[in-house]
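By letter and in written order, the chains are A, B, C and D; residue numbering begins at 1 in each of them.
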Amino acid sequence: MIKFEHVGLRYGVGPEVLSDVNFSLEPGSFHFLNGPSGAGKTSLMSLMYLGRKSTRGRVTMFGQSINDMPQEGLAKLRQKIGVVFQEFRLLPHLSAFDNVALPLRIIGTPEREIMSNVNELLEWVGLGDYKQSLPLTLSGGQQQRIAVARAVIARPKLLLADEPTGNLDDEMGFRLMNLFEQLNTMGTTIVIATHSQAIMEKFGHPRMMLGHGHLNIEDPKKNWLQRTMDGVF
Amino acid sequence: MALLAFQHDKKLGVADNSARYDLPLHNSAGSGFLLLLVALMSFLAMMTMTGAFAMHGVTSMWSSGLENQATIEIPARMSDGELRDKNELSALRDKLNGFLADQSYIESYEVMSREAVADLVSPWLGDDVNTAELPLPVLISVKLEDSSADILYRIRQNIRKYADDIRLDTHESWLSDILRLAGSLQFSAVIVTLIIGATTVIAIAGAVRSRMAEFRGDIELLHLMGASSTYISSQFQRHSVILSFKGSIIGIITGALALGLFSILSPSGAESLVPALHLGLFEWIILLLIPVAACLIAHITAKITVLRTLSELPL
Amino acid sequence: MIKFEHVGLRYGVGPEVLSDVNFSLEPGSFHFLNGPSGAGKTSLMSLMYLGRKSTRGRVTMFGQSINDMPQEGLAKLRQKIGVVFQEFRLLPHLSAFDNVALPLRIIGTPEREIMSNVNELLEWVGLGDYKQSLPLTLSGGQQQRIAVARAVIARPKLLLADEPTGNLDDEMGFRLMNLFEQLNTMGTTIVIATHSQAIMEKFGHPRMMLGHGHLNIEDPKKNWLQRTMDGVF
Amino acid sequence: MALLAFQHDKKLGVADNSARYDLPLHNSAGSGFLLLLVALMSFLAMMTMTGAFAMHGVTSMWSSGLENQATIEIPARMSDGELRDKNELSALRDKLNGFLADQSYIESYEVMSREAVADLVSPWLGDDVNTAELPLPVLISVKLEDSSADILYRIRQNIRKYADDIRLDTHESWLSDILRLAGSLQFSAVIVTLIIGATTVIAIAGAVRSRMAEFRGDIELLHLMGASSTYISSQFQRHSVILSFKGSIIGIITGALALGLFSILSPSGAESLVPALHLGLFEWIILLLIPVAACLIAHITAKITVLRTLSELPL
């Protein structure tokens, strides 16, 4: 699904934010992405949602190498990826409904279908009363829920969520996590960047630990013996 | 699984580019300014173009209408101060008539009626003079094929045969200056038209671009969601074109009103050297092309801006 | 310090977001503000930092009634209040340094003093290397730390922080909380809106619970008996 | 307490409004466009104002220089075709001289030299004629105090006493038309100047306003931090004024270059009716006021925009 080989990233002439990142994610897997503030989580995400080109190394997504793919190919791939941005990035001119509907409109879904799907999802995230509100008139948590709804509405093959529960209370946080779990059981590959120990412990998926430009994957479900074995072989 | 009941297998594909307006850009704050700017620029473009047309009208009227124009005068009073006899006057007129008819270099000529001559003279005499009783000269207006000194000399020689106080009046001395003036005015009008045209292009393009800058984030986001560049740019093009169209229509309507007002106010009568501000069909068509041009500029600028914004993205 | 009497707030013609809110905070107190997403925490904060006028009721700040105060008076009061906005609200055109320096410049602090104070604080929040960076080139957590630094730099009499640790890992979150505690011991009154149970439990300050437009203050330090007594008398 | 060592007791007070530039607005994207717009508008304003000045120069030259101008001609050849005797010619000239000297309504007069007359005549004869041997008329150019029909009639009556073929030539017939033309051109120039002036005001104000809209969030934030409205607006005023000043300076420098180029290219000689494009000190001062006006407009617009933004805030 996703394969990073010796990937490095720097902004302009600055130092390398990521250096020699190697990992591969299986289709249908579920990972947390963790690391201190400024470690490069958002940067790593931006490589995965095809928002940036790595400055070195090779990125393979959906079995295709990204490094020399033409724009149309990239656009097709992007349509299969849902993203929750850390700063939401809602379109300020569009209502909550139209923001959530956007991915469906881009792939050309009929308007009638959009109506029912978007309305159902907005009800589910508790925003049934705010369909016509503009993002600026919504609270932080309400905006975050719209960002999540927009990311999942088109049922992406890959879901990337950057701190999707930072502005939400634990209850709503767990509710959204359950939504992600459900998508995951239906085949969506998921990577969630989070600082919340509570969420990582409760759901216990493997963790991608980012620090000093390098990435390690830890799986709390594997016991000590297995992890040692992994290290040996 | 109730939650996910809304899901179904969607064909992932390119945007269908339907006529729907995803981004309600028209609500945004800068629209009014863009509209006003386009209106003003269209107005100015219209004004200068009209000016250039009018100037062209004036000079062509002068050069065709006056440059080869001359007047032959048989004075009513002879050089010794005696009044000319009426019969002699008409005899002279007939002789001249016959002479002028024969000359190949004369395009046309016309003996002016007594009333026309009286009209010309009356300003010099005051309104209360009864022109019917006045001794009036005979005036023949002549249109020449060309007015070289040669030909004028030949005419002078010939008409002097009939009576040596018959005069040929041409307009060269001052006309050449006037034409020179008109020429440089016309030159200026063309220059100013070009400048205003350029200003209009730059201003519309600049306004569209600076409005687009406002939507940079939206453009990026649509791109990240996998929208094709055609899908993205079509949104913004439609918006800019509609605004510019509205603006330029407002501009040329205001312009037309201003021209109407101007032609009512401006002191140009039938006998004046200044033609009334009458635009032909062709000129009107050119002026009506202004909105088309504005839309085109807006369309192209929006497209280029969106494409450039997209090309500046890191991937 | 702060006194709200029968305060109500509605946006435009919408329903009342806050209705009949009553409370008063002593100088030097420290409160958490809690409640579900969309309950009106940010709205309540905006009344306290003088960003909005209540649509009914009386708000008293620093012993002065806000309802009919002239603009210059309000500006003076605002200079005594430090705010961490939920969405940071950094000036995108200014470097990290200049963003933090802004409150000092507004009150006319000499440039030399600004230099040393701002640099020291930026070092302390771990952003010594990012003084000249523009906010857009910083990570979510880095931006949040700048927002916090800006709120405390002028040593306000009242500090209002809306979700100041939402994008930070627990360690940095606790570090900032310690900064707030220090300010508090030096006399600053503090109100922090947060969803984090971990932080609220760890620091144990009284909680202002917002729900359905009403506010209740609970103090976990008082035991069951004291609370019952409070109810009786 | 190491952390809080940086703290000290600050006097809370109003902003001291120092000259420091808190907001480096000049780095922002729309600046270039605003600059260009102001430059273009200043250029246009300069062009039309120069046009209006030049037009004023033309008409005043005509009306003062030509309107009261007349020429008295003693033909070299008498009405019977005989050449006039040289002595008779100078006798007539002296008599006229004496007569003209006595008339109070004549401002000045000058008997033209033989060479000047020869120059005037030569174009009609071709260059190869030896004018020294030609019989030339005597021309006296006369400047009148006023050229009413009355006075002209009186002069005509008088000069005819000396010889009845002496003629008085005035320019009324065509001059009135020319002046009418010039008048309506001047009228148009004033109208266009006003329109361009209005456009410039609106465009600069609009550009400043739409740029300010970009900083709405900054204005709000500064307000929430307790900055006084003077503190806030001074930031934006300085920015807008500097940009507009730069823009209008660029505009009028370009304008001056264009005018220089134009006056080199335009076909106006010494004898032409069209005066060379020569602006006086006063005109230059007026033109140099354009940048001042641009700065003023920018200053006022920025201030008003900031204050309005502030007044729209909920508290």
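Methods note: contacts are C-beta pairs under 8 Å (C-beta built on N, C-alpha and C of every residue); 3 or more make two chains touch, one makes a residue touch a chain.
For clarity, every value in this text was computed on a predicted model and none was experimentally measured.
Student: Of all chains present, which has the mean Cα position farthest from that of subunit C?
Tutor: Measuring from the centre of subunit C, the most distant chain centre belongs to B.
Student: Considering only C-beta pairs in contact, identify the chain pair with the most of them.
Tutor: B-D
Student: I'd like the Å distance between the centres of subunit B and subunit C, where a centre is the mean of that chain's Cα atoms.
Tutor: For subunit B versus subunit C, the centre distance works out to 66 Å.
Student: Suppose each chain is reduced to the average of its Cα coordinates; what separation in Å results between subunit B and subunit D?
Tutor: So the centroids are 23 Å from each other.
Student: Measuring from the mean C-alpha position of subunit A to the mean C-alpha position of subunit B, what distance in angstrom results?
Tutor: Each chain's C-alpha centroid was found; their separation is 62 Å.
Student: At least two other chains touched by the same residue of subunit A: list those residues.
Tutor: none
Student: Scan subunit D for residues touching two or more other chains and write them down.
Tutor: Counting only residues that touch two or more other chains, subunit D contributes none.
Student: Draw the chains as dots and join the ones that touch; what shape do you get: line, ring, star, complete or other?
Tutor: Ring.
Student: According to the definition already given, which pairs of chains are in contact?
Tutor: Pairs flagged as touching, ordered by label: A-B, A-C, B-D, C-D.
Student: Please output the residues of subunit C touching subunit A within their complex, sorted ascending.
Tutor: 11, 36-38, 41-42, 86-87, 137-142, 145, 162-163, 166-172, 195, 197-198
Student: Using the touch rule from the top, collect the residues of subunit D that touch subunit B in their complex.
Tutor: 29-30, 33, 36-37, 40, 43-44, 47, 51, 58, 79-81, 123-126, 149, 160, 164-165, 171, 174, 177-178, 180-181, 183-185, 187-188, 191-192, 195-196, 199, 202-203, 206-207, 209-210, 213-214, 262, 265-268, 272-274
Student: Which of the residues in subunit B end up touching subunit A in this complex?
Tutor: Going by the criterion above, the answer is residues 1, 3-8, 10-16, 18, 20, 22-25, 27-28, 217-218, 221-229, 231, 313-315.
Student: Could you please specify the touching residues of subunit A with respect to subunit B in the complex?
Tutor: 49-53, 71-72, 74-81, 83, 89, 91, 93-94, 98, 102-109, 111, 113, 116-117, 120-121, 124, 154-155, 179, 182-183, 186
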